[in-house]
Each structure stands twice: as C-alpha cells, then as structure tokens.
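This report concerns only the one structure given below.
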Amino acid sequence: MMTCFVLINVEAKKEDEVYDALVAVKEIEGIREVFGQYDLICRIEGKNLREIRKLIINQIRSVPGVITTTSLITSE
Amino acid sequence: MMTCFVLINVEAKKEDEVYDALVAVKEIEGIREVFGQYDLICRIEGKNLREIRKLIINQIRSVPGVITTTSLITSE
Amino acid sequence: MMTCFVLINVEAKKEDEVYDALVAVKEIEGIREVFGQYDLICRIEGKNLREIRKLIINQIRSVPGVITTTSLITSE
Amino acid sequence: MMTCFVLINVEAKKEDEVYDALVAVKEIEGIREVFGQYDLICRIEGKNLREIRKLIINQIRSVPGVITTTSLITSE
Amino acid sequence: MMTCFVLINVEAKKEDEVYDALVAVKEIEGIREVFGQYDLICRIEGKNLREIRKLIINQIRSVPGVITTTSLITSE
Amino acid sequence: MMTCFVLINVEAKKEDEVYDALVAVKEIEGIREVFGQYDLICRIEGKNLREIRKLIINQIRSVPGVITTTSLITSE
Amino acid sequence: MMTCFVLINVEAKKEDEVYDALVAVKEIEGIREVFGQYDLICRIEGKNLREIRKLIINQIRSVPGVITTTSLITSE
Amino acid sequence: MMTCFVLINVEAKKEDEVYDALVAVKEIEGIREVFGQYDLICRIEGKNLREIRKLIINQIRSVPGVITTTSLITSE
C-alpha cells in the first residue's frame, strides 16, 4: 500500500461543509483542520499511484469548496 | 489568552470593503494594509485554538472579498 | 518620489486585455510580459505610500482579469 | 528552437477535461499528471519567445479549467 | 492534548541521518519521507503550545541536517 | 511615522539566541514566536523607508542566526 | 516504471559543476538549465518509489552544490 | 535584444557589499533595494538566452553574498 498526505486549501465560507464531506469518506483518514498556509490535512492510502490519484480527484477535489490540493506521496 | 496574526489576501476591487468590514469587528486588532505578497495583516485573541479558529472563520473568512488567510499562531 | 515594482498574475484568457489596459495608464511605466511564476511586471511612482497604494488599487487591481499583485516597494 | 516546461494548476473537477484537451494539441509534448504542488507538467517548443508565449496563451491557458501556469524557459 | 504536523526540509546528504535521529524520539510519531517540496513529515503532541514549541526546537530543529520546519498546529 | 512588520526565519538551534537579541532592541516592538512557515514576527517604526531599511539591516538581519526576512511595509 | 521530474536549486557559483555531474549520471534524463525560481530540471525513472528516492538521494542530492530538490512524481 | 528581470535574495549582513558589487557591473541596469520577500531587483539585457544566463551566473550569482536568484525573462 502507498500513503499520501494531502494538504488542502478551502474556499472561505465553505470550511465546515468541506470538512464534513471529507470526514464521511472512508478512504480518508486522520483529517484535521490546521493553522498556517493550508486549511486541512488528511491521509489517504491506495494500492498504487493510479488509485491514489483517483481518490484525490474523486473523493477530495470533487468536494465543492476545495480550491487546491498539495499531495505528498510518502516513500515506501 | 492566545494570539494569532492573520495575513489576508483580498480579491481585487474589494480592498476597501474588506478593510472596512474587518475594522468594525471588535475581536480584530491592529488591522493594517500592507505591501508585498499579502494585502492585510491583523491580530486576533482567543481563549484557545477553537475560539481563534472560530474568529478566523466567522469574522474574517466570512467577509465577502477575502480569498485566503494565512494564520500565524503565536507561542505562549 | 517613491518607486514600486508590481508583479501581476492574470486570469487565463485575459492576458491581452489586461496588458492593453495597463499600457494605457500613464502612471504605469515599463510594463512587460514575463515568463515564470508571474505574468506581468511594471513600475509605478508616487509621492508617498498612500499614492502608490491608490495607484495599485485604482489603476492595476481594478482592471478586470488581474487576480493578484505582489508589490515591491523600493528603498529610497 | 527554444524549449519551455510548463507547470499547470487545474481547477478541481476539471482534471480529465484539461488533460484531454492538452494531449490533443500537437505542439504540446510529454504531458504528465504529477503529484505535489502542481497538477500537470508539459513541454512546448517554439522558434522564439514570442512563439512560446503564443503557445502558452492560445494552447494552454485558453483551455477551460486551467487556473495558473508557471513557465520554465530552458537555456539554449 | 494539542497536535502539530511538522513538514521538514533536510540538508542534501543528511537524509538518512536526520530520519534515524527523528525516528528515535518517542514524542515524534508517524514520521515519513515524502516527495514534493518537503522532505519529511511527522506529528507531535503536547499539553499546550509551549510544549509543542519546545519539542520542535529541542527534538526536531536541534537535529544536525534539519534546515527548515513548517509547523501546522491542528485545531482542537 | 511608517510601520513595517517583519517575518523572520531563524537558523535551527539559534531560536532563543535570536529572540533574546531582538527583544533587547528598543526599536523592535511586539516580537512574538510563531508557528507556520515563519519563526518570528515583529514590528518596527521609522521616519521613512530609509530608516526602516536601516533598522532591518542593522538591528534584525545583523543578528547571528537570522536567515531571511520578509518585510511588510504598511500603508500610511 | 515510474517517472519523476526533479526541480533543482543550485548554490551560486556551482552551476556548471552541478550540471556536469548530473549530465554524467545515466539514470538522469533530459537535464536542462531553466530560468525562473528553479535552476535545473531533469527526469528520472525507477521501478518503484523506493528506487526513485534512492536516485534522488544518491545521484542528485549527493552532488556538491545541490541545495534543494522538489520532486514531482508522475501518475502512472 | 532580450531583457530579464532578476529578483535577488542576499545573505544577511552582506546587503551593502552585494549592492555595491552589482551597481558596478555595466550590464546590470536599474538595480534597486526592495522590501518584501526579495532583497534586490535589477534588469539585464542580452543578445539571446545564452548571454543572459552567462550574465546571471558570471555577474550576479558569482557575487559573494548572493544566495538565490529568480529570473523573469520578458517576452519579446
């Protein structure tokens, strides 16, 4: 399995909505609101890079209010 | 009490509107327009991180024209 | 007189429109399209910081298609 | 000939659409989806900077869903 | 308890040394090597901001080879 | 008088030394340790940009352990 | 096979030395000097993330004069 | 002729030395100290990208105290 941390920037006024949507996704673990230059951090796992990309696009970036994602693929 | 500096980027053409809205919020102190890669800086105080987050979301990010906020929590 | 360089990011598809609008402003000098992480660079002069800020807000950021500006105030 | 790498950020939910549009452009080579702070990387070639700029504006930035481009002109 | 994610940049040629030093610290959890603009990510917990700051300074930044740290305090 | 906020990055292992040196400078006000992508924030005042630049160079950047400074000149 | 683009920042005065060292490494393809916020771009391939990480650490970051690397793992 | 703006970051305590060295180079025009995330801005001209690169490496980056340069090639 591969792990990827995703740092998320959220549209102003959509913070709770995005958080609630992401918390409900079972492939997303450890979601936390953060202070600093990002708004949220979470962790996803996938069998390979293709699956991780799909999760980022279909489960995170597809949520209304998500503006940008910075993904940190972890080394095996 | 905890203190947090907030660096704010504002939508073009909304500068005065955002400034006026933030100046009117009593929990926001020392708001200043700045040159550089940010547009505004201000300071908020809260009893804990939860309260600071609430102020950022409800009093700053909720203002129409605020695009992004970078929050710098100060060490106690 | 004070001088300020302004690095501008422009909305995709508005490049020519923004360039043409800025070229027509007499207080804006030396506007050039650039490669890299910014789209345009220009120079403005003002009697003081207040005047420079006014020029940035009223003559640059007010142009439809300007997304963000990074201003570099020069030392006297 | 001059070569330019273009790092592209894409609007959430437009990833496939942008990728498909860019893949179809014959002047764009080696387009790949990437993890990290950018979403796509590609390479363009042109006779001079003017032609490269035209390709970036007319073939890349004109695609709906492209938000920002960071261009890396290569040294000859 | 408060949680803080720390994104770490490491001096070239010190990667293994820094990783091994941080893995041995019991207050540091979940350390992973990452691809992208950072080199390592980890998580620390503390009773308050003062304790978190101490951990960052005494347990992370004090390790030879650590260049910069970006800390993301999580909201309670 | 002009005001400038200075965001400071400090060499690992020099945090206390830099903080103590800056706290002792009477032209530097409101110095605070922060979490995020910067390490310290402070505020300086000067009669004009020349004086502010002098303070940044002679009182802040001259302190051993200061790596970079990002200065945010405030609008009058 | 997995592909990774690496954006490299080089110490001032070590540009040619680093370029020459990297050109000689057979696992590094398409190395080019670039203008902008990075100094060099190259491409590496590996059987998996572990191998790519090894190449980045042993063949790129180990070269004297390499300061930082930003790695863009491509999606399969 | 091609024009390139160069944004320069200078080592703390080397500000005057670097400024004086660059002012003396006849190919460097319009050098100014700036506030913000960069320390100096200047402009160079060259017959082609190769010549501009040579000027950046031999006349700017070779100056002791220059840490990083961000070059903005202008469109013809």
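A, B, C, D, E, F, G and H label the chains in the order they appear, each numbered from 1.
Keep in mind that, in the parts below, a contact is a pair of C-beta atoms (placed from the backbone, for glycine too) under 8 Å apart; a residue touches a chain by one contact, two chains touch by 3 or more.
What you see is a predicted model; the values in this text were computed from it and never measured.
Write down the chain pair with more C-beta contact pairs when F-H is set against A-E.
Most C-beta pairs in contact, of the two: A-E.
Between chain B and chain H, what distance separates the C-alpha centroids? Give it in angstrom.
Once rounded, the distance between the two centres reads 35 Å.
So how far apart, in whole Å, are chain B and chain C when each is placed at the average of its C-alpha atoms?
The separation of the two C-alpha centroids amounts to 25 Å.
Please report how many Å separate the Cα centroid of chain B from that of chain G, as a whole number.
Chain B and chain G have C-alpha centres separated by 39 Å.
For chain G, which residues are shared contacts with two or more other chains?
Counting only residues that touch two or more other chains, chain G contributes 33, 35-37, 49, 53, 70-73, 75.
Between which chains does touch occur?
Pairs flagged as touching, ordered by label: A-B, A-D, A-E, A-F, A-G, B-C, B-E, B-F, B-H, C-D, C-F, C-G, C-H, D-E, D-G, D-H, E-F, E-G, F-H, G-H.
Can you list the chain H residues touching chain C in their complex?
3, 5, 32-38, 41, 70-75
In their shared complex, at which residues does chain D touch chain H?
Its residues touching chain H are 2, 48-50, 53, 73, 75-76.
Chain D touches which residues of chain E in the complex?
Within the complex, chain E contacts chain D at residues 35-37.
Mind pulling up the chain E residues that touch chain F in the complex?
So the residues of chain E in touch with chain F come to 4, 49, 52-53, 57, 61-63, 66-73.
Where on chain C does chain D make contact in their complex?
9, 12-13, 15-16, 33, 35-37
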